[in-house]
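Think of it as A, B, C, D and E in the order they're written, each chain with its own count starting at 1.
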Amino acid sequence: MSRVALGLGASLRATLRRELQLAISSPGKIVNPLMFFVIASSLFPLSGRLDIDVLGSIAPGIIWVTALLAVMLSMESLFRSDYDDGSLEQLLLSPQPLYFHVLIKVLGHWLVTGLPLVVVAPLLGLLLNLPAQGYVPLLIGLVLGTPTLSLIAAIGTALTVALARSGVLLAVLVLPLSIPVLVFGAGVVDTALNGLPVAGVIALLAALLVLALSFAPLAIVAALRINVQ
Amino acid sequence: MSRVALGLGASLRATLRRELQLAISSPGKIVNPLMFFVIASSLFPLSGRLDIDVLGSIAPGIIWVTALLAVMLSMESLFRSDYDDGSLEQLLLSPQPLYFHVLIKVLGHWLVTGLPLVVVAPLLGLLLNLPAQGYVPLLIGLVLGTPTLSLIAAIGTALTVALARSGVLLAVLVLPLSIPVLVFGAGVVDTALNGLPVAGVIALLAALLVLALSFAPLAIVAALRINVQ
Amino acid sequence: MLSVANLACERDERVLFANLAFTVAAGSLWQVQGANGSGKTTLLRILAGLNGDYSGELQWQGKVCSEVRTEYQQALFFLGHAPSVNRTLTPLQNLRWFCALQGFADDAAIHSALNEHGLRGYADIPCYQMSAGQQRRVSLARLSLTSAKLWILDEPFTALDRVGVAELEARVSRHAAAGGAVILTTHHPLQTQHPLTVLNLDALRPEAA
Amino acid sequence: MLSVANLACERDERVLFANLAFTVAAGSLWQVQGANGSGKTTLLRILAGLNGDYSGELQWQGKVCSEVRTEYQQALFFLGHAPSVNRTLTPLQNLRWFCALQGFADDAAIHSALNEHGLRGYADIPCYQMSAGQQRRVSLARLSLTSAKLWILDEPFTALDRVGVAELEARVSRHAAAGGAVILTTHHPLQTQHPLTVLNLDALRPEAA
Amino acid sequence: MWQWFYKLGSPRYFYEMTTGFVPWLARATFLLLAIGLVWGLGFAPPDYQMGDNYRIIYIHVPTASGAIWIYAMMAVMAAMHMIWNIKVADMVAKSCALIGASFCAVALVTGAFWGKPTWGTYWIWDAKLTATLILFFVYVGVMALRSAFDSETAASKAASVLTLVGVVNLPIIYYAAYWWNTLHQRSSELGVRDASANPPEIWIPAVFSGFGLIGLIFVIIILHTRNEILLRERRAQWVQELVKQETGNA
């Protein structure tokens, strides 16, 4: 037989590959969160008379809030189809270490939804008149913050996976938990715009990421087990 | 037999009753959009150090944008479970006039999700430091605007009902089309805050509502037929 | 009642059926047979007017179906793979809505339909608390409520236990005997008193011919 | 292999079964029978470790199941009502992931499993383009790939055509004959050479006793 | 006329008719564009106010107005598809979405690069700019919806419905953008002057590039539609024979 035994690494790669295959099977999976990010951000200037400088000063907030919403909305589908078709049962019943499989699944999802957000963020900076010295802190913040947001959103998704159509419920669970990331993330830019050193805030963001990487998978696995009763 | 023949009105009432039963079966259906509305609005003050007057001036925009998002997210479930379990086939195959049934379904959904938003909006006004003369225009705008938003969102929902988990796609379709409502809706408040007469803008919002009431059900029915292939 | 002329359907690369012509007369009981993927579901959805991807002509009582849509829909009861049962609502609420869509209200009839289908005492229990077979029974209770002449049922026996299967077999026979017409698919051998017309899609397929 | 002692489960107000005790030995083929709603699915999910809402004891090879979870999961193959087939992916992609979760990779085996299950030529077609029965076949192709000893299958015959049913019957018999064990539910009369142990939940139920 | 129109609705006829026609159209387009752009970008005198920057106009203006007209065309095609079920109409609509969105993007990008030297910023929330941005979003929505469906028929019908909904909405969106802007912001600072006030050396190349771009629109749409026809009709006998010929020749 041509059977090749796989170590943990290879088996995680298979999970990652599956996640990416699902993403490229419909280009919308990558493009839509981006478009949401751009469209939702431009709703704010449209909805009121804003002085261009005021707009610039609230730009970090707008970008971070819409990034949070985009991550959360796109995360909604993470476990849903697996739950509906029963694949989640197969995952939970497999003899593999779930912690890593779940982690890799979230990170795979972040690669196709979170990372592109980071890439187009500067464009939004242009649209929203973000001052020049805000771009680098914005990007650093997003790179460190969006994976944390993805992990938090994944907990919410896992908790609500058995519930029919839970977009709003998900938001209600996830948004409060994400507030620290939002505060520090937007805080990095604000601090930089005020000419203060940003290293401290960035360290806080990094700490949140480490925390999420270590504990979120545990919560996710527990939540999935509860739902697959 | 105790069979009672029903006219169109009674049969529409049955559809409305079903929609309301679905809503009260899980209180989350009513409470969650509200919570989202409140939480998402308060993300902005959290995400930056804003001057209190600046906050007051962007308050109408924030409230309207989050109302739009809340309506859209809660609308996601409108046809979804009916599609999944096949009830939508039964609706489409029934000899009833679909235009009215779809309209009543959307309005029933608005009663349990849109109307409560209008009720809590003043609370958000307080949180966001909305000037006193802005409250009445905000409410009038929301009463006229949220049903239009619901109808537009319902078109999006109907178009994407066959697609797995389409939160972000829905947003990409619905948000651009909702921009006029947003502009005029927030415009009512702005106009009032500037001390200008608001009747004209309100008339525009009402006109949009009439337009949506007449055409949206057609688009929704067409979209549902396409998806139930 | 329903007559089909020159019906053809292809999906992607494959012709599922072509030159299909038959007439479903009042009082007849049709079983569409075929291997997995032979196109039974597709055919039934075309007949019900849910799938427009075909060429050929469908006539209801001598008139083209799409032209007498409302009339045809009044005479038609269709049940697909999915049970059309809302899981949050109770059987009673589910069936009330079904009746309203057919233009009448009759709680007594709903209760007796549920009893007939072995769901006595379940009228007010949310459907998500029921087993697969019980949900299917809620779905089938519609057969006792509809006044449609033509029933189109896609694998209605799925998830039913033996008693349920026998009851449903008897029910479709009775409907046909009473002058109605039934078109159904199933993979298990039907046991009915009523004469059965079998339409075998495997035998019809061009490559098989 | 698997032994059950004093198992009881109630849902809401109703006792589904109580004092259930049996041992599934290597080489045996079990069919769980019962009317709709009698608790077959519930029992199977308890045995598979997916449902923790019970009292009683499950032992795998003499050790309590929950204590030797990984080992038990290595020896177990479970297939529920849902086919566990992702509709956007192709059968090949679906099965590759399944194999990876079992800890191996073997495309040749996947292809031959698909061929065995009547899906020759479908390896690279997205599953949403398949009929209900074809999707069920993708799901069942796992039986040829897993090396699990104990198979727990909840209504695996759903949607299969006659040939598919016969093949699956032969497959479970072979597995049992080769020293494996199979527990399954189905409402249709099983035709197997292998001796069949029937567990009838209706007869066990307190109110029926 | 109707006969011809009807025949054009058949993919095969459309394909065969355009086979002879498209190379000539392509050549004419190339010529027009070459004259317009080389003249406009290379030889027309610099503007006395904006210097050489204004040369972006030769791309910006035609793409911006093109994006609007292409939407109109797409809507007509969508209506034809919905009402008469003409498949070619849908294929043309699909091409329209693609190049309409591209034109929109080009107009946005050129406008932004033009904005930097003229206004000192890449973007302001001016009515015209905003409306163009939203038009871009609507295009993207149509394309996203189409690509989200697995089934070709459902995708094309759904995209048609959305396109038609957009037809109702676009004028409203434009109106809203202007209403919102004139109320809240200084009026447009676009340095638009009457074309006739410009010397002919400036506007003649503009006319060339304008017609060139119209030609380009049609060339792209036709080529794209021909591709689509081959793809969707790949099993039809005439396509297979065509393929056999082509591969035989090669």
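Definition applied: contacts are C-beta pairs under 8 Å (C-beta built on N, C-alpha and C of every residue); 3 or more make two chains touch, one makes a residue touch a chain.
For clarity, every value in this text was computed on a predicted model and none was experimentally measured.
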item	value
Neighbouring chains shared between subunit B and subunit D, ordered by label	A, C, E
Set of chains whose contacts include both subunit E and subunit C	B, D
Fraction-based call for subunit B against subunit A, same above half, different below	same
Separation of mean Cα positions, subunit E and subunit B [Å, integer]	33
Rounded Å distance between subunit D and subunit E, as computed from the means of their C-alpha atoms	56
Distance from the mean Cα position of subunit C to that of subunit A, given in whole angstrom	45
Whole-Å gap between the CA centroids of subunit A and subunit B	26
Where subunit A touches two or more other chains at once, by residue number	26, 28, 32, 35, 39, 46, 48-50, 81, 164
Contacts with 2+ other chains: residues of subunit E	137, 140-141, 144, 148, 153, 180, 183-184
Sites on subunit C at which at least two other chains make contact	52-53, 81, 87-88
Complex contacts: residues of subunit D adjacent to subunit E	126, 128-129
Subunit D - residues contacting subunit A, complex	45, 48-53, 70-71, 73-74, 76, 78, 80-89, 93, 96-109, 126
List of subunit B residues in touch with subunit A within their complex	28, 32-33, 35-36, 39-40, 43-44, 46-50, 54, 57-58, 60-62, 64-65, 68-70, 73-74, 76-77, 80-81, 84, 164-165, 167-169, 171-172, 175-176, 179, 182-183, 185-186, 190
Subunit E partner contacts - residues on subunit B that touch it in the complex	155, 159-160, 162-163, 166, 169, 172-173, 175-177, 179-180, 183-184, 187, 190-191, 204, 208, 211, 215, 219, 222-223, 226-227, 229
In the complex with subunit C, residue positions of subunit D that touch it	11-12, 34-41, 81, 118, 129-134, 136-137, 155, 158-165, 187-188
